[in-house]
Every structure is written in C-alpha cells, then in structure tokens.
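For clarity, chains are labelled A, B, C and D in written order, and residue numbers in each chain start from 1.
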Amino acid sequence: MLIFCRKDLSGAERKAILEEARRAGFLAQEVGSHRISLFGEGDVSPLLAMPGVERVAPRPEKAGLAEREEGAAPRTSPVTAGGISVGEGFVVIAGPCAVEGRSRLLELAHAVKEAGADLLRGGAYKPRTSPYSFRGLGREGLEMLAQAREETGLPVVTEALETRDVALVAEFTDVLQIGTRNMMSYPLLTEAGRCGKPVLLKRGMCATLTEWLWAAEYLLVEGAPGVILCERGIRTFSSSLRNTLDLSAVPAMQERTDLPVIVDPSHGTGWAPMVPAMARAAAAAGAHGVMLEIHDDPDRALSDGKQAVLPVDLEGLVRTVREIAALVRVADETREA
Amino acid sequence: MLIFCRKDLSGAERKAILEEARRAGFLAQEVGSHRISLFGEGDVSPLLAMPGVERVAPRPEKAGLAEREEGAAPRTSPVTAGGISVGEGFVVIAGPCAVEGRSRLLELAHAVKEAGADLLRGGAYKPRTSPYSFRGLGREGLEMLAQAREETGLPVVTEALETRDVALVAEFTDVLQIGTRNMMSYPLLTEAGRCGKPVLLKRGMCATLTEWLWAAEYLLVEGAPGVILCERGIRTFSSSLRNTLDLSAVPAMQERTDLPVIVDPSHGTGWAPMVPAMARAAAAAGAHGVMLEIHDDPDRALSDGKQAVLPVDLEGLVRTVREIAALVRVADETREA
Amino acid sequence: MLIFCRKDLSGAERKAILEEARRAGFLAQEVGSHRISLFGEGDVSPLLAMPGVERVAPRPEKAGLAEREEGAAPRTSPVTAGGISVGEGFVVIAGPCAVEGRSRLLELAHAVKEAGADLLRGGAYKPRTSPYSFRGLGREGLEMLAQAREETGLPVVTEALETRDVALVAEFTDVLQIGTRNMMSYPLLTEAGRCGKPVLLKRGMCATLTEWLWAAEYLLVEGAPGVILCERGIRTFSSSLRNTLDLSAVPAMQERTDLPVIVDPSHGTGWAPMVPAMARAAAAAGAHGVMLEIHDDPDRALSDGKQAVLPVDLEGLVRTVREIAALVRVADETREA
Amino acid sequence: MLIFCRKDLSGAERKAILEEARRAGFLAQEVGSHRISLFGEGDVSPLLAMPGVERVAPRPEKAGLAEREEGAAPRTSPVTAGGISVGEGFVVIAGPCAVEGRSRLLELAHAVKEAGADLLRGGAYKPRTSPYSFRGLGREGLEMLAQAREETGLPVVTEALETRDVALVAEFTDVLQIGTRNMMSYPLLTEAGRCGKPVLLKRGMCATLTEWLWAAEYLLVEGAPGVILCERGIRTFSSSLRNTLDLSAVPAMQERTDLPVIVDPSHGTGWAPMVPAMARAAAAAGAHGVMLEIHDDPDRALSDGKQAVLPVDLEGLVRTVREIAALVRVADETREA
C-alpha cells in the first residue's frame, strides 16, 4: 500500500504515521517528502484516521507522476531553466563534451551563443570507461561554466556522477544532468530530485521506456521542479556506430508522458559526420530539442572528440533543425485544425 | 583468388577456364555470369593467358560492387522503375501490406495515386510467423497489382519469397522486393539478381550494415539493373515498439554506398501513430524515400493492420515529408556551396 | 477460422470444401494436407456438415503441434534417424562445417565415428555472407556424405538452402537441416516439412522462442516425421564472440515443447577454444545433444575454420559431455523420485 | 602519459609531482594512490627525475591490472573472504534477494549453511525500478547479516548503492557487491576499491567484456584486495526470460583475466524453474562458483520472488553443481596431462 500524506506534513505527524504503520505490522518506507510505502500485511484503517494522511491506495503499477493519465490530452510540461523554457518551441543545447580549460570553454560558449543555441553544456565530472582517462576538472570546471554563463547569458547543463556531488553541481548549474550510466543509480536520482534544480535525465543505454519513466518518477516524487528526458542511443547488435539512436522513442514517449523529450545525436551516433542528419531527424520526429557536442580541435579533445561538430558548422545546423521543427509544428497544427 | 572474365564470355571459354582451374588444383565456383572464385592452392599463371580472362585478383574483402570505392565522391546510382527514378528527389511508395482482393486494392491504389505517392506496394506472397495466417493471394494477387498499375500508372513493388516464384513475380512487378526475413537467403538473392528487374532489398532484422552490403553484392554480381536499400527496423532489447527503426543506417550507408536508401516506418515501428513522426524523420535523415502501409479498415486487415495509416491521412503526410526532404536538400546544397 | 479435415481427405472433398468456403464469403487457404484457414467473415455452418470436415475452430494463437498442451506432463518426442534416436540419451553430431572433398570428408567421418559421436554433419550447400566465398559442392557433396555414411554407419545431417534443393537433399540425408538464416523462410519450411525426412531446425539468430516454435509448426503441419530444435547463438550487443549462445533457451523451450533441443556451440561461439566449455554447459543445461564442427586443418578450412575443434580433441570432449549428461539425468531422476 | 610512482609515495612527493606536471603544461589527475595521468602536451623529462617517480609510460590501452598479460599462463587469483577462497574449488553463494527481517534471514542463513553453501548473500540496500518498491532495511539489514554470519559462520556478500554507504557496508560485510546497474558508476567503483574489502563486481546488463574489465581496473587501481567477477545476464531482444545469461562470458573472460568468474543464474533467468539448469551449466562452463537466491515464501517476497529457489531444493542443487564442477576439473587435468 502507499500512504499519500499532506504536502505540509509535519515531522511529528510523519513520525506518528511511521510508528503506527509498524505497529500495524507493516514495513514502512518513506518515498519523497509525503508518501510512505507499506510492505507486508496489516490493517490500514487506523492509518486512515491519522492527521496528515490524505489517502491510502495500492502501490502504483505505473509511474503516475511521470506518465500521463490514461485518456488525458497531451500537454507538454515545460521546464524552465535560466529563462529558457524547454518544451515550448525547439531548444538547442550545445557545448563541449568536457570542460577542458577556461579559455577554450569561453570561446566555445561564445560560439554556441552566436550559433543561436539556447543552453550551454559541458562536463565537469566525466564518467569514463578507463580510470586513466580524463575525468573532468570538478569544482574548477563548474566555476568555468558559471563564468561562461555570465559572459554569454546561456543557462548551463552539467552532470553529477554521485550523491556527494549533487549539492555542489546544483549550486552552479541551471539544469542538473543524470547520464546514461547512472539512469538506474537510484540514490543519485533521489538526491538529484531534491536538489531544487530541474534535471535532464538521459535514457540508460539499455533501459526500456518504462524503466526510463520510473527513473523520472524517482526525481518527481522527490520534488524535482522539472524533468527533461534525453534519448541518447541504445546498445544493439549493430556496431557500425557507437550506439543506435532510437528516435522512435521520441513519439513513443510523447504518447505516454508530458515531460519534454530531447535527443543527443552526438552520443547517439558517436561520429561527427552522422550528427547533422540525426539532429535533423530528431527535429522531424517531434523532439523538443537536441543536445550537440562541439569542439574546435576534435582530434585532441580529452573526451569523445570523434563525435564533436566544429563550431563553424554549428550555426547552419541550428538553423536547419529549427526550420524542420517549425515545419513539423505547422503540419501538426494543420492536421489538428 | 577471383577470376574476372570478359562480360561477353562464351560458354566454351567458361568451360575451358573452369577445367583449367580444376586441373591447377583449385576448387572453382562461378559467381554471376563472368566471375569465378578459386579455393585451395594452385598456380594461376596458366589461367591468366586464357581467352576470356581479364585478370585474377585476391577474393574481395569488401562488397566492391555495392560499396563506393575508397575516396570516391558520393554519387547516388538512381534506380529506374516504370518511369520513376529512385535516388533522385524523394520517392514515396505506399499501399496495403497484403493484396486482399481486387476492389480493395484498386481503391487503395487510387488513394495512393491521389495522395501524390510514386509507387504502389502490396504483397501477393506474405511471410507470416504462423502457418495459419493469411499468406497472400499469389498469382491472383500479382494480376490485381498489374491491373492497379494499369489504372493508376503507378509502378509496382512486390515481394518474392522463394526462388521458384521469382520469374513469375518479376513478370508482373516493376521492382522485386526481398524481405527482411530473406536478406540472407542467398539462393533467392542470386535468382532475384538475375530476374532483370531492379530489386528493393530490405535490411535483415538483425543484419549489420556490412552484411546488408554483401547481400546487395549478391544481386549486383548477378547483373541486377538496380538495387534500392530499405531500412525497416532492427531487433533490440527495446520492446515497446515492434522494431527499433535504425535511422542512423541512412547516413551511415550513404557514407559507404551509392545505392539509394529508403525507409519503411510502418514495419519499423509496427504502430500507426508512430508512422508520421518516423516518416518525417526519415526524410530529415536524408533518405531517398519512404515506404508506407495504408489500409482503409486496419482493424480487419489480414496482415499488419496495427501499423497501417488511413488513406485519408496519406496526402498530408506525403506533403510534409516532401517539404522536409526539400528543405534538407537546400540546406545541403547551401553547405556545399 | 481453421477447418480441421480428416487426414484421409480426398482431393474431391478438399475441392468441395474450398469452394463452399469461398461461396460463404471466406478467403480460404490450405495449410498442410488437411487443414484450411479461413479469412474474412462468413457462415461456417454449411462447412461443418461437409464430408471430410472434422471440426472448425478459431485459428490457433499458439503453435499447437509444436507446443506442449497446457498442463500436460513433459515427454520428449524422440526423433529417429538412421537408427539413432534423438531425444533419448544424449547425442553428439559432429563433422566439418562444409564438405570440401572426398578424402578429407571420409577421414573426418571416421574420426567422428571413432570419437564416439552419433551422427555426421557436413554442408553441401553453404549460406555465405560474401558471394565470392565457398558455397559448397552441391550434389557432389551430398554423394560424398552418402559414401561417408556407408563407410561409417553414421547417419547424416545436411542443410538445404532453397525449396528447389529440398527433394535432392532429402534423398541423400537422414536429417534435413534448416539453417539460422532460413528459419523464417516459410516456403522452405513448408517444402522441408513435406520431404519425408526429420528436420533439424536451427533457431534464427534473432528469433524469439515463440517464433522458433511457429517455425516448427510450419514443419509439423506439413507432416514432418520429426523436428529437432537447435540453439546456435543469437545476435546481441556483445561482440567479443561471434554470437551469444543462449543456453537458457534449452530449459525454457523444454518448458514449452516436447521436441528435442540440441545445441551448436561451434556457431554459438565462433571460436574453437570456447567450444568445449559451452558443449559441457549445454549438456549440463539439459540439452538432448550437441552439434560440433571439426576440421583437421582449421587455418585452411573453406568455411568457419576459426570455430573448428581438432579431430584429436573430439574424443575427450565427447566423453566429458556424456558424463555430464549422465550426471544430470541421475540428478533429475533422484529429484523426481 | 601515465606516471607510475612508488607505492610508498609521500604526500609531499605527490604534491611536488603534481605541481611539476602542471608547470610542464599537463592536466594532471591522480589515479589510485600512486599513479598520475597526464593530459595535453608537455615535456615529461623533468618528471622522470623526481623522487617518488618510477617511470612514465603511455596511458594504457588495456586494463593492465585486470587483464592477464599477453602470453602469460592462466593462474586464477583467488579472493579470500572470511576464510573462504573464491577461485579455488567451486563456491556457492546463497541467500535471499533482500534482507526482509531478522528471523527470516536467520532461518534462511541456516538453510544455506545446511545445504553446504559457502557464503551468504542478502541485500540491505536494494536498487528498484520503482521508487515505491521495497528498497531494503539499510543499516538494520546489515546488522542482521552480521548476526547471521555469527550464527552460521558463513561470510557475507552484500551490496552498496552509493559512495556514501560504502564505508558502512564494508564494516559489516566480507565481500562488497557492486550491482549490475552500477557497474559504470565510476565514483562508486573508486570508493569500493578503497574500502579494504574484496569486491564482487556484477557485469553491467549491457556491458561488453572489455568494459567489465575496465570496471575491475577501477577497483584494482585503488587497491581492492580482490575482485570476483559475476555474470548475471544481459539485455537482448529475447524477452522470454528476464535476461539472457551469457555463459560464454565465463570461458571468454578466463581467456583474458585471472580474476575468478562466477555466475548468478537467479537474476540471469529471473525464473526459478530455470535456475537449476543454468546453475549446472555455469559449473560445466568452468565458472568458479554460482550465486543463488532462495526464499521460503517466494510469492510474498519483497523483491524478485519469481526467481527464488526454495530452501528445501538448495541442497540437491548444490550437490549436483559441485559434482559437475569436479568432473570438469578432472577432465581439464586429464587433458592438460
């Protein structure tokens, strides 16, 4: 069973409910700030009468905060970050894979701004297959991102890799990113959901759509002020590219959720010559935006240079994807009218 | 080793070469009309001097007829069928999954024509998971397709399932289709390559890009007058849709081959509400066309009704995908200029 | 609907039923020798009264000939071939991937015999990714296999690739093999099911267990005197070996079918050093047998040399897998007792 | 480049090396206690002369601590935990998926002991797809595990989900488990490698063998006193079972590493009736052990009941897998002799 409490539940009320639940024979587990899961068998009737308790229902079999209610009309829940609204119009997030140093980051940030993109990405904490690879500049990198935001006005998206870093990253970023390798790191999701910033949640590289929605539920049940979903390619038998970008996840998720869905064609393909085609395809598939990696010297990039677009090519790409997005919007409005 | 013979090799010359090859200790195997593979070890020098022999080279490690030569500039090889050129502009192939009867087919064919599509599809021989499912009308279905072509002027694409049917299907169709389940049925490819009609070769549902190119090689080495590649979704862990449409195969193949590449979002998703988004995405990814399934009564369709778009929705969809394709072409030309 | 007719249905009766079905508004399609599928809507009552008709039922949603009936106790249906019963005890099938020549085949066949294996395998028709690769000796290869059987007494398993070859292959072989690339080539299955010989049906490299059972249904509905299922590895993201051998398919299929299930660790791994471990594992998983590729000169094998075990290592391997199979059988009997 | 320092590097020496590296123009990053990765370009010669520096070499392209050296003879590195040596003989780890309460755990622990297993498993921190599911008893669960160890003498294996829990879990457990969802949570690996306890590292559900070895490298470079690898099933298109148990990973990993490799057929299949067959197969494939989930009331288990074997069936299963393991060992010794 799941106890739904009042949002303004006091500490004393919570304690009393937990005690009563245990007395009634349940294992009780807090979920977010005002829900309590019950396991085992017992009598819920005394709980129903307690102050702070709104209702008791079976534990949900679908991710009710993340999934649209059965039969409800689609209505995207926009996510606001630094003045940008993700989910209305078409957003472009761009920047280097990793923050490698101050001057390079600032230059790339200005290129991102000039190309007409909306947000700046860049990793200060990087998950790397080999421990000997560059793992990011950490706090120093976060400070560089803050400076880039100040100079360009672009809100920032950057990743946290573990619970201990969430508060620090949240202090510096506009949107906190959870990467594909951590989509099932549930304590990290819990911490991220509590940090006060919206979260960009990448799909796990072998996660089903349902598991992805449940991961968003972890964030939302903790009170995340917004969740942006990001398809970034899945693992399949097909090894000609780094990943298989599952663009059908865009319309398929939009059938199930109001959370905005964007696409990362850089990781999704792992190879720069593929990025423009797949960025366009993402816009055509109805995505709410794309996230693109750029680098001015891809061969020497400290991470994922193979998939980085040159800054000089960004502007044209941004223009084309926006044109496609606009065309799709008009077509949809015509169809619905 | 591989012996390249003259294209006008006579029967007597071929026989002499084969005999000489065997005398020299090789296992010799004809490949197409004027190539001979040699296995084992022996002396090739006597072969080089024989009439009809052009050269002897190591057996190829890549599909040299299907793949673009290293370093060569991309230049699509258009495939002409019934006056339509696939590979120039953007083609739309549409029609029912299976030919179910004369009047229904004719109605759907007219709807395809009116919606502005270029070719008519429809299966007379259907590969079905269950032997109890509808396997198609066979020759009768082919005759209906021929009538539909006569009435609408639309060239026809239809599938052959086994070597014994190839000649008959080729007699009625403009483009012979090889389905995903048969991409590795090599005797069927050999027969299809010889039938005199261009071939639409669907990607095997678990075929790598390299295997797909080799399958095209089977067709081309037999003299197929044209090959159209068709991405139709692959098998992955992701089971929310029938298949995972691998749109990155479009630009990835275009990096390797000049054969036109089209996309089948109907099988690729298996679910009609997903088809428009993925058809648009295919156009944006740079595909040379799409193949769409339609049905006027999807719930009662004898095959794959779940993925069929209504005829009434086809026109708008065709218009939008063509607009996107045009926009992408302009963007590419601008970039190259 | 599906009409079940009497097994001794006469031609005239069949014709009358088909005509009546069409008159009633159905599309009628023969399935095997005495079943007729009906599509569309109509009145079945006149059909019920016709001579030769036993009953009419909804078209089956599961492969009723291949799958065990709900609730029935497992009881393997042994397949007899050349005096060997597959499904009782543990069988070992061994031999070269391809028949490359007479003397080599005979030597290998004797090695197979001496190692204690039960059946001889060897391909006369080989499906190859590249058209330039060795595709087998065809009829000549079949004759060599027949000689090997005569000399050693070992029954033979060999593959047919297309409908046109089935009769010829069936004439020479004891068990007709359908390979992984053709598991969904339904006309081939239909022909194989009619050829009078038992069929060894390899699992398609991306086939689900349900699709595999339906493929067996195609064989059984045509009257195949026996079907042996053979797991041979599937396509997954994991590319360190040629395939991922899905040994869990053995117990999972045994939960659903009485057909014997064997394992091919040679194709399943594609690498000789892995074969002994996986052959043993197959026996321990409860398989009814294994199929092993051997070659005396793997580096020069015309096909799949990398996965061939040396003849000298075969005997020890056969002994160990039999010991494991025996141990498992005793454990199972103890548990059930 | 990678600087290999002396193992007894002092803090002052480390600081000096890092400063000198930065002065030379490198980005410097500590890896474990006595290695420093350098990024960018610069002159390494001044570094070579510094106290504490042993050598400077290119950053490794393979996981040198986890992988066996090219050409070296296989020699398993046994992992000792609570008196049990994993990697010598065949170990059985068994216990409930989650610790659900004191009395149940103690009962199950005694059953594990009586069945002849070697270690006790049980989760106090559980990663769950839904936030509303039971996530474990936390510290309380760890204390119950400690009591179970005291009563039965069985060493304990239990999982940590995030960096903040590692120290606490390490205090209570004999072997620290990293689960499949966290195999790529690199900060967690780093923390686990430093905790002083051996680590059981499950394969990520979509991790390649190479990525798995790199994850082990993260542990080893931090000084982990031992690493046990555990195959637990991968994600594939095949959905008849929860996962596809990749048993070929056992011999394939043993070709590359001396770390012991065990198998978890409970998660690997997700269904109790499949567990005995796959546990036996794991032993036959040469695994160093198996990890099995048991529960006395699977239908009411708070986690993964579907895959739990009954305690009453454990003893027979343990006996059979040990017999198979012994038989395989004898066969291997015979072959090598």
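What we mean here is this: a residue touches a chain if its C-beta (ideal position, glycine included) is under 8 Å from a C-beta of that chain, and two chains touch if they have at least 3 such contacts.
These numbers were taken from a predicted model, which means no experiment stands behind them.
> Going by the stated contact rule, which chains contact chain B and chain C alike?
Output, common partners of chain B and chain C: A, D.
> Average the CA atoms of each chain to get its centre, and name the chain whose centre is farthest from that of chain C.
A
> State, to the nearest whole Å, the distance from the C-alpha centre of chain B to the C-alpha centre of chain D.
Centre separation, chain B to chain D: 48 Å.
> In angstrom, rounded to a whole number, how far apart do the mean CA points of chain C and chain D lie?
Centre-to-centre distance between chain C and chain D: 39 Å.
> How many angstrom lie between the centres of chain A and chain D, each centre taken as the mean Cα position?
Each chain's C-alpha centroid was found; their separation is 29 Å.
> Listing for chain D: what residues touch at least two other chains?
Correct list: 206, 235-237, 239.
> Give every residue of chain C touching chain B within the complex, in rising order.
Touch list, chain C to chain B: 2, 27, 29, 31-32, 35, 37, 39-40, 59-60, 63, 100-101, 127-135, 137, 161-165, 181-182, 184-188, 190, 205-206, 211, 214, 217-218, 221, 235, 302.
> Given the complex with chain D, which residues does chain C contribute to the contact?
It comes out as residues 206, 208-210, 234-241, 244-252, 255, 268-269, 273-274, 277-278, 280-286, 316, 319-320, 323-324, 327-328, 331, 334-335.
> Okay, in this complex, where on chain B does chain D touch?
It is residues 206, 235-237, 239 of chain B that touch chain D.
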